[in-house]
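Structures are listed in the sections that come next.
Both complexes shown next keep chain A, but they swap its partner, so chain B is in the first and chain C is in the second.
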Partner chain A sequence: MFGMEFYVDPSRCIGCQSCLKACEECDTHRGVSMINFDFVDRGETIATAAYVCWHCDNPTCAQVCPADAIKKYEDGIVGSSLKPRCIGCSNCVLACPFGIPKLIPENEQMMKCDMCYDRTSVGKRPMCATVCPSQALAYVTPETIAATRRQKPVNTFRFGNQKITTKVFMMAPADAAEIAIDVADYTWEGEHEVVPQAF
Partner chain B sequence: MKWFRKPSSAPLWQDEFPVFTAEERYVSRRQFTKFLTLTSLAMFAGNLWILMRSILHRAPSYPRQAVAALDEVAVGGLKIFAYPTVNDPCILVRTADDSYVAYSQKCTHLSCAVYYETETKRLACPCHQGYFSIADGSVLQGPPQRPLPRVALEKRGGELVAVRLEGEGV
Partner chain C sequence: MAKAPPLEELAALYGPHLNYTPAGGWQGESSRGSETLVKTHCCFCGQQCGIQLKVRDNRVVGFEPWEDFPFNRGMLCPKGVKRYLQGNHPDRLLDPLLRTDSGFRKATWDEALDFTARRLRELQTKYGRDSVAVYGGASLTTEKAYLMGKFARVALGTRHIDYNGRLCMVSAGVAYKSVLGVDRAPNPWNDIACAEVLMVVGANIGECAPITTDYIWRARDKGAKLIVADPRFTPIARNADLYLPVRPGTDLAMLMGMLHVIIRDGLTDREFIATNTTGFEKTAESVEPWNPRRAAEVCGVPPEAIERAAHWVAGSRRTMIMHARGLEHHSKGVENCEATVAIALVTGNIGREGAGPIMITGQGNGQGGREHGQKCDQLPGQRSLTDPAARAHVAGVWGIEPDDLPGPGYTAVEIMNAIHSGEIKGLLCVCFNPLVSLPEANFTREALERLEFFGVMDFFLSDTAAHADVVLAGSLQEEEEGVTANVEARVIHIRKAVDPPGNARRDSEIVCDLARRLGKGKYFPYHEPREIFEELRLASRGGLADYYGITYEKIDAQKGVFWPCPTLDHPGTPRLFEDGRFFHPDGKAHLMSLAWRDSGDPVDADFPVYLTTGRVVSQYLSGTQTRRIGALVDQNPEPKIEIHPKLAGPLGIKTGDWVTVTSRRNAITLQCMVVRTIRPDTIFIPYHWPGGRSANRLTHRTLDPRSKIPEFKVSACRIAKAAAPGGGSSGPGGPS
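After this line comes the complex of A and B, so read on.
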């Protein structure tokens, strides 16, 4: 709708956390940020990554919801959980391959990015994209992205055998057709491994 | 919103609780509220129309029509006539020397023609054994719920004149 798409480029993220603050301003979830913000490997690097919900074409979170609380709307947005329905079971939190949904214990409800549905549904940009100084989170037209970035927008991800296409694009190297992630590559072992103590 | 269920290979629970709002077939709370509101509005408008109709309704005017000469009917005798139109049969009964009554002949139950039973002195409907009082047309017995409409008579010269129909449509 309105010809705009969301582009995430973690390599541009400078860790200013403006997006978190902007997201917290929203009246629908005042004080709670829906941005997922990571210090990638804090001991080794200052790299940070801020990203939003990817709004999968076939959302895993909604597929596993036993309460029918997560819906994908007709314009492609996967909504936050519906408050009257969410039972706070955390199925979506565990199932989402991107780790997006957050269980808010005080509310006993899962909340996640709904791409500022109140704003984007009327043609405004999401709060995070309006404040991001390096446009690591950008909500622009595909033409603008093609004209201003060297990377290529990719919206196909592969987690092991699960292939996911999304509404939100990740900026990837120009030769990448899809982003494949083997979760096992990112589990810490060896020196950081915690050996259970036998009593 | 899809109203009709299409054959689906998906399990029933997936069909009934789809992830995509576009596939939902059930009426949302908002739609239901809208339906209730609009239906109530329509009912209100209908009631208002009925109210206005009854307020603005004017009594129909009846023609004056000579029915019979005063001595044309013997005491205890009767005469069939049509009033106010030719399709509305009425019955005139001379109950006493100077007492005449006239009623619509259509039974208020199912419009059979009532006749005068001279032995019991009451109006009888043969279809379902409905009986009406000859004095005022009220129901004495049987399935009719409403009294017979009464034809108001006036004596004018040597004639009985029907002036209006009373109790019609009550």
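After this line comes the complex of A and C, so read on.
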């Protein structure tokens, strides 16, 4: 849908798993859900998180694929593996810094969120973001997000020395420019060079 | 009748089996796209989210979000996403069933209906008209609910009809009626997003009204403060600005403490109180002893937190207080709700955008299903069955003499008590699964076994229906047109998507056919639900819930019409009390004196732990429908006991262990989750399961004296680690 972007806000997530259930209703991968969903630590907290693929500008999964089976489309969407090419080696599963791709044994193929390509390519919203009752997953315009949310969208992530920019945005505290999850990201070791991938 | 046949044999035939795939399979028929998209609503819960059902070859094969419907704008919880899988289900009843010695056999409609009519007449002849009772349900469309009320009173002439909404929000209904003069949430849901302070009491919104979450988050993103009071740290509590861990059964102490602070600190809206209310002195006097310290000692919330909540709530002109079953399922449920409404009234927070107390009705047609005559004391339009003018009006519409209208009968639990005692001999039950949903399940089972005649109309063989003499194969929501009223009292249009399968029939057809066999056919001449609705418009005309100005076409054009809607050119009433007038004859809101009472099942040395029950997000009520949908069962395959580590640790209980919970009624053994998200003195069990997994084997039958709601939300129990499944479980039955 023109002008729409995808925003993920785990602080809104209520753990209902509607996204998980709706994903498998999507026509490109009927019966298989591509949502990544976690209870963070159910014993300690009710916190949950649901993610889609982040659709990296420079996708690690595609870089490590020995069969050249993972393609990024012109609109920035990174697709599931191409069935005729995928050899099921799981390189992508291991390499993705976000832990998104899944090997689907029955299909002998890596599958992952393709942003409901059958829907978004014809102007519909992705299934998960359409049904999400808390709008933790939202597919709206940047203007709408700016006008309605306290938090700020960020699409730059650091994993150690790997810096990744993505099509999908994470909602972060208003003063965060990028999201870093590794202590190494906060240490100072001189002027290190930022490399786009970690291998 | 008698005992249920062996459940294992029934299960092989009637389930619950799990349906995972759409008609025709994921890659088959359902993937060919749909012939039509039918704009209708989800049947699971009072939110009544708009949804489009994909229909092909008279079968529902999937869904598509309905983004133009304003209430949910495409949003759905997992129940909504998977609701379509209740169609084309292997367990679906395709023929009427008659009881045999070993189980059930298929019957023709003539056999089943003749038998039903004959047995009802025989019992009424032998024991009197009131020896048979009717149970209705709040998941029925409003037309069906109206029809059940008329059927009981005109076709059967019994005074005993009540419905499963008695287990839902009736405490709120009684409180709103007594204080505000009408039983309805006063505000449309858009007001939530406009509030500056939101207080959520006893409402697990993230799981029980999921799409309401977005309204709350929108308010928070605009800077609203969120207060959550609940014994459990619910999903929305995670983002609360103030969390009040209220002890089960003590909400009233907390609320009276807040009222005390508001009055003590001069935070009331004196002008509003003087102009628009009566009885403030009574309320003030009753809360005077409830200083925050005393309230804290009872409810387990710090005094400072009670003070802060009171100051926040009273400190804004845009405060909304939202509540649900957590406040209502108590033997003082009405007082709980009256106190909540009182907080809104004394701070002047009502009748404006973003200001008001609102109940979150739980059942599919929880609002519409309680307005038109299937409650034991009500006639259509929220009219009182004891009001001579109301009786004359409705009798006139129905073409009978007012004196022929029976008086008020028993409420749902009282009907079961009267069955148990032998006073009521026959029961016709629609859209109600009392064996799972009523408290003290073993008492309910004993009662069902004493019935001389038991007829059930349902689309699946529910746990209760296994006890029936005859089962009339009825219709799903999507198989008959009608209306419901959602949580906002927005009357919406349920469109028929498909015909009932096999020899199953539309519910209203079955009821009318039965009325004819009882010799009352001339009062039930309807061919289509629309004809019932047209009569309902007249019957409700001039009542509180006035539907006269509502038509199916107007609903479609406006995407819902909020009642009251007294004339055809009236747009409907999204927000009540905007002119400061309440619905009592004097136009005032009536504040009440509040009085503390202990729970009907107090904790003591033998039963030292509080037990509270509720829902999980993937299941609906007694699970008759949702325990048959694979994806929803996978999400919550079994009920799990939630226990705090402080309670579990000394007993050597760890996550995944089997734990026996014993109450004064019975004991059940389930697996547990050890979590820090519940009070250490309280355990939680979801109630959607039957047999040995039924939380309602443990609950008690104490009722609120006015609303007659059971006290599901607080029982006393003790817990012990069990060796294995079933270990330590006592009482008949066992896991099923």
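In the analysis below, the second predicted complex is superposed on the first by the 181 of 199 C-alpha atoms of A that agree within 3 Å, B and C clash if a C-alpha of one lies under 4 Å from a C-alpha of the other, contacts with A are read in each partner's own complex, and residues count from 1 in each chain.
Everything below uses one rule, namely that contacts are C-beta pairs under 8 Å (C-beta built on N, C-alpha and C of every residue); 3 or more make two chains touch, one makes a residue touch a chain.
Just so you know, these numbers come straight off a predicted model, no measurement behind them.
K.L.:
Record, for the superposition on chain A, whether partners chain B and chain C clash or fit.
P.N.:
fit
K.L.:
Of the two partner chains, chain B (first) and chain C (second), which one does A:P97 touch, if any: first, second, both, or neither?
P.N.:
neither
K.L.:
Scan A:C132 for contacts with chain B and chain C and give back first, second, both or neither.
P.N.:
The second partner, chain C, only.
K.L.:
Which partner chains sit in contact with A:P10 here, chain B, chain C, both or neither? Use first/second/both/neither.
P.N.:
neither
K.L.:
So in the superposed three-chain picture, is A:G88 touching just chain B, just chain C, both, or none of them (first/second/both/neither)?
P.N.:
After superposing on A, A:G88 lies clear of both chain B and chain C.
K.L.:
Under the stated touch criterion, which partner chain does A:I70 make contact with: chain B (first), chain C (second), both, or neither?
P.N.:
Touch partner of A:I70: chain B, not chain C.
K.L.:
Return the chain, chain B or chain C, that is in touch with more residues of chain A.
P.N.:
C
K.L.:
Looking at the overlay, what does A:P59 touch: chain B (first), chain C (second), both, or neither?
P.N.:
A:P59 sits against chain B, while chain C stays out of touch.
K.L.:
Rounded to the nearest angstrom, what is the minimum C-alpha distance from chain B to chain C in the superposition?
P.N.:
Checking C-alpha atoms only, chain B sits 23 Å from chain C at its nearest point.
K.L.:
Could you pull out which residues of chain A sit against chain B in one structure and against chain C in the other?
P.N.:
Dual-contact residues (chain A): none.
K.L.:
Of all residues in chain A, which touch chain B in the complex?
P.N.:
58-59, 62-63, 68, 70-74
K.L.:
Would you pull the chain B residues touching chain A in the complex into a rising list?
P.N.:
17, 19-22
K.L.:
In the complex formed with chain A, which residues of chain C make contact?
P.N.:
21, 26-27, 30-31, 62-63, 65, 67, 74-78, 80-82, 206-207, 210-214, 217-218, 220-221, 223, 233-239, 617-618, 631-632, 635, 645, 655, 673-677
K.L.:
Going by the contact rule set out above, which residues of chain A touch chain C in the complex?
P.N.:
11-18, 20-22, 24-25, 27, 30-31, 42-48, 125, 127, 130-135, 148-150
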